[in-house]
Amino acid sequence: MEPGPTAVLLLVCPDQPGLVAAVAQVIASHHGNIVHAEQHIDRQSGRFFQRVEFELEGLDLERSEIAGALRPVVERFAMQQDLRFSDEVPRLALLVSRQPHCLYDQLARWRMGELRAEVPVVISNHEDHADGARAFGIDYAYLPVDPDDPASQEVALLDALRAYEIDVVVMARYMRILSPTVIAAFPNRVINIHHSFLPAFTGARPYHQAHERGVKLIGATAHYATDVLDEGPIIDQDVARVSHRDAVDDLVRKGRDLEKTVLGRAVHRHLEHRVIVYGNKTVVFD
Amino acid sequence: MEPGPTAVLLLVCPDQPGLVAAVAQVIASHHGNIVHAEQHIDRQSGRFFQRVEFELEGLDLERSEIAGALRPVVERFAMQQDLRFSDEVPRLALLVSRQPHCLYDQLARWRMGELRAEVPVVISNHEDHADGARAFGIDYAYLPVDPDDPASQEVALLDALRAYEIDVVVMARYMRILSPTVIAAFPNRVINIHHSFLPAFTGARPYHQAHERGVKLIGATAHYATDVLDEGPIIDQDVARVSHRDAVDDLVRKGRDLEKTVLGRAVHRHLEHRVIVYGNKTVVFD
Amino acid sequence: MEPGPTAVLLLVCPDQPGLVAAVAQVIASHHGNIVHAEQHIDRQSGRFFQRVEFELEGLDLERSEIAGALRPVVERFAMQQDLRFSDEVPRLALLVSRQPHCLYDQLARWRMGELRAEVPVVISNHEDHADGARAFGIDYAYLPVDPDDPASQEVALLDALRAYEIDVVVMARYMRILSPTVIAAFPNRVINIHHSFLPAFTGARPYHQAHERGVKLIGATAHYATDVLDEGPIIDQDVARVSHRDAVDDLVRKGRDLEKTVLGRAVHRHLEHRVIVYGNKTVVFD
Amino acid sequence: MEPGPTAVLLLVCPDQPGLVAAVAQVIASHHGNIVHAEQHIDRQSGRFFQRVEFELEGLDLERSEIAGALRPVVERFAMQQDLRFSDEVPRLALLVSRQPHCLYDQLARWRMGELRAEVPVVISNHEDHADGARAFGIDYAYLPVDPDDPASQEVALLDALRAYEIDVVVMARYMRILSPTVIAAFPNRVINIHHSFLPAFTGARPYHQAHERGVKLIGATAHYATDVLDEGPIIDQDVARVSHRDAVDDLVRKGRDLEKTVLGRAVHRHLEHRVIVYGNKTVVFD
């Protein structure tokens, strides 16, 4: 039996007694059935984080009335809130350059129904993967970079994201740095996969750097892109064992599996509204 | 700044609307400050699980009054409850046979203050580790097994556990099967480490079994001992990579690190009252 | 610089002094340059295993003469030998049922050049993935099972494998048991992915079994299919952490990433002639 | 049956045809039985690395004659060689500061016979662990640091290492930087455990740095200490998963298990003569 639609409430505020009771009380008084609730208190900063997911069926409020019902509590505790509905499906754009493994992996997840999103377009600075995208019935926007005028590609990119009414941008091994303008247009909604265990090996050619340093594990990191390269809030990371036998090409090959898996988990978590960004860190409710 | 003592409340009941609000309301109404709250709803069985930890400082109840204050909610929702205090330190016995790596590891954790427990005694069916225990200032109860009368050792073991007023029994590679009498005396309070990834390789010589089968990973499993060998509720597990190069002796050596780590995590979780047993499974609140 | 073609020699024989010298001497005497050599001695069985890879460029033998040059050593030491050339590309068939994640993943690896194989056909007992295969330019053989005559599908399957001149069969979540006839036609050349950490949870619905048992890690196992279900020689395994929060559906989702990665590694290893099967175990030279 | 003593030969030289044959031929001609042989060719640098282990029983050479027998090959191929015997047990010093978990872990491994070494002394800049060391029957050299004359402690340290005829130095969370003089006296024989996934979080308080950055995995790295802090050749690394729930204290606690395991593996590998340092990297033959 497929569960019905739910509301997801993400809350952040200064920690203080009575918070959990106050929020739960509002939902209970309207006959909401909580299916998932998780809190986190960061003792260092004194912040309270909460994710509450409750069923819409049985609730004696319309969707549009929920925010109003919560307002007294939100104001009393100075909460930042974010209210989502599980059946409001965001629109996601996949950005890719030459290496298509993350692209194909995301497309396959999407076709299998693993991503709670619509994927209307793949955008790339190369023509290579047009057939691949179209095989999945998805538009392909080829936006080449003019070396004499790189900025114009960024304008075209932003135009495309707007034209397709995109909510979430996934950089599936898109090897260009997005301008602050694009980042600002999608705050905490641009997910990038970096092919190292950040903060080790930022910047270009991380597998070459890792090989040079002689590490015994390689990593991949999914994070929200910010204006500072490879410094955004980390959503997920993972590693794989390597040895002296592995040349750079082997690191690249082994790393691809990491990148696919870590990006897959991060996008899934984001689309289920399980990630709260706070400062330069994330709270990820499993 | 060391935090003050807290109360930990573990609750299990049939899931229904209003649960979170009701519990939080009681605590808030007595000015309790919740420092950790986590819920879990098992949709399959329709059970609700909760761990709530709140500070005693500021609470307008004596410790002895907390259960009473909660009683109306507990009765209304048909809750099983377990109330603990962080400064009430349980007494833990370490059981060991010949292999002492888990014993030494637990003793070192205890000396470093990682275990929130008193450890008054090490109990063994062998004399080997008496000096080791005493070097840590801990009694050593040598309880040899008479092959003609093995049951009498079990009686002596139970006597020793009672004499030392033991609350929690940790089988740190104790290679005998405890009788149902001992198990029944410590329900969900006997923690065992089995040297395989359960349910694979139950019973004797799991590393030999693993080598014979040619697995590429070996494992260790910490679980609560029950009357059915190696079938108790699993608390934690982990694995390590092996290859054709590893003889049985190598599996044994690599496995020791797993066993120490997994047992260490399980005991730590148990002592922080983060484990709820339900049926033959555990809910482990991290 | 792409390295030129190489010969790969896989050897198994009873261990005895002089083996390494004898093989290396033959290659050196013909000016062969060894680029990878690895030995393994299984002390328990007294068997010697070796993989030697050497460049064809510079060798003063034709390909067809290599076996002859080795014959004296092979006979003297009673070696089983297998000689392969890196530029002789095997033909691989992908078998799939309803779940296509491993299929898509293998196809994407193939398109990226990660698999040293031709992939002329995808075979399935369902029609679902015909478009997917064709998008990659690959034939799709839909071989439905007649419930009244299931054996005829097996015949059709074997016919298809022969018609496409298949060397290696990859069961990419093909949920039927191959008959002994098919297995016998491809000895140690049918690679299956089982969605559990074998030998735990053999047979049907392993994620349901894992959920029921309450394990804290789930696994996937790539192995050569044999006549005994889920008992064939293991090539690779891996695990992922799960918790009480994960319903069966979550295990299935998390498991998909494991299955893709483990199958990917196993197929890669097989195609590079790095796997030797011995008894019911494998030697995998990394 | 315990195997008899073996010789271990570690070789490094420029790669060229005939290397494997030449070395194996010498050993075979003296009736040596090779029990482990592994080669590695680093294509980038064109270097050949080999570890050959052969039984002394049956060999028609005295130990003192082995180097001579190999000399022609060594000279012909311009090899650096290192010849060891498995029954020549090195003398190992454990250095520790306040945190004793790695110390206790090493001592327990040593007592269980896992370390092929004598451990005559524990050296510390603090008095804290004198009883612990003595409980294992090991001397404790307390060498306090005079803030006005820190160099004199280094002199005392070097004197102690010499007085105890130490071959290998293990920094088991010794929180001082060794002077170049000490490092130079034990080239590639000082093993340190750094509590991060190097090269991330070098220097002081890596767990605080990791917490600040919001990583989702923490690590530990065992490496040979060199004159450049945290930059020496890496022997082994591992990681553990953390989340937003983990405060710095939790990272420290979880990290201890990593540190013990990684240091344990690195010391074991070193003592079995399985590590070759080349440039700033290691070849670790498993």
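In order of appearance the chains are A, B, C and D, and numbering begins at 1 in each one.
We take it that a contact is a pair of C-beta atoms (placed from the backbone, for glycine too) under 8 Å apart; a residue touches a chain by one contact, two chains touch by 3 or more.
Note that this is a predicted model, so its numbers are computed, not measured.
Colleague: Could you tell me which chains are in contact with chain B and with chain C alike?
Modeller: Both-contact set = A, D.
Colleague: Please identify the chain with the largest separation between its CA centroid and the CA centroid of chain A.
Modeller: So the farthest one, by centre of C-alpha atoms, is D.
Colleague: Please state whether A-B or A-D has more C-beta contact pairs across its interface.
Modeller: A-D
Colleague: So the centre of each chain is just the mean of its C-alpha atoms; given that, what is the distance between chain A and chain B in Å?
Modeller: That pair's centroid distance is 36 Å.
Colleague: Using mean CA coordinates as chain centres, what's the gap between chain A and chain D in Å?
Modeller: Once rounded, the distance between the two centres reads 41 Å.
Colleague: Residue numbers in chain B touching 2 or more other chains?
Modeller: If we look for residues of chain B contacting two or more partner chains, we find 43, 243, 245, 286.
Colleague: Considering the complex alone, what residue numbers of chain D touch chain B?
Modeller: 99-101, 104-105, 107-109, 111-112, 114, 131-132, 135-136, 243, 245, 253, 256-257, 260-261, 264-265, 268, 286
Colleague: Mind listing the chain A positions that touch chain D in their complex?
Modeller: 40, 42-44, 49, 197-201, 213-217, 219, 233-239, 243-245, 247, 280-284, 286
Colleague: Which bits of chain A are touching chain B when the two form their complex?
Modeller: These residues of chain A touch chain B: 3, 16-22, 24-25, 27-28, 31-39, 41, 43, 58, 241.
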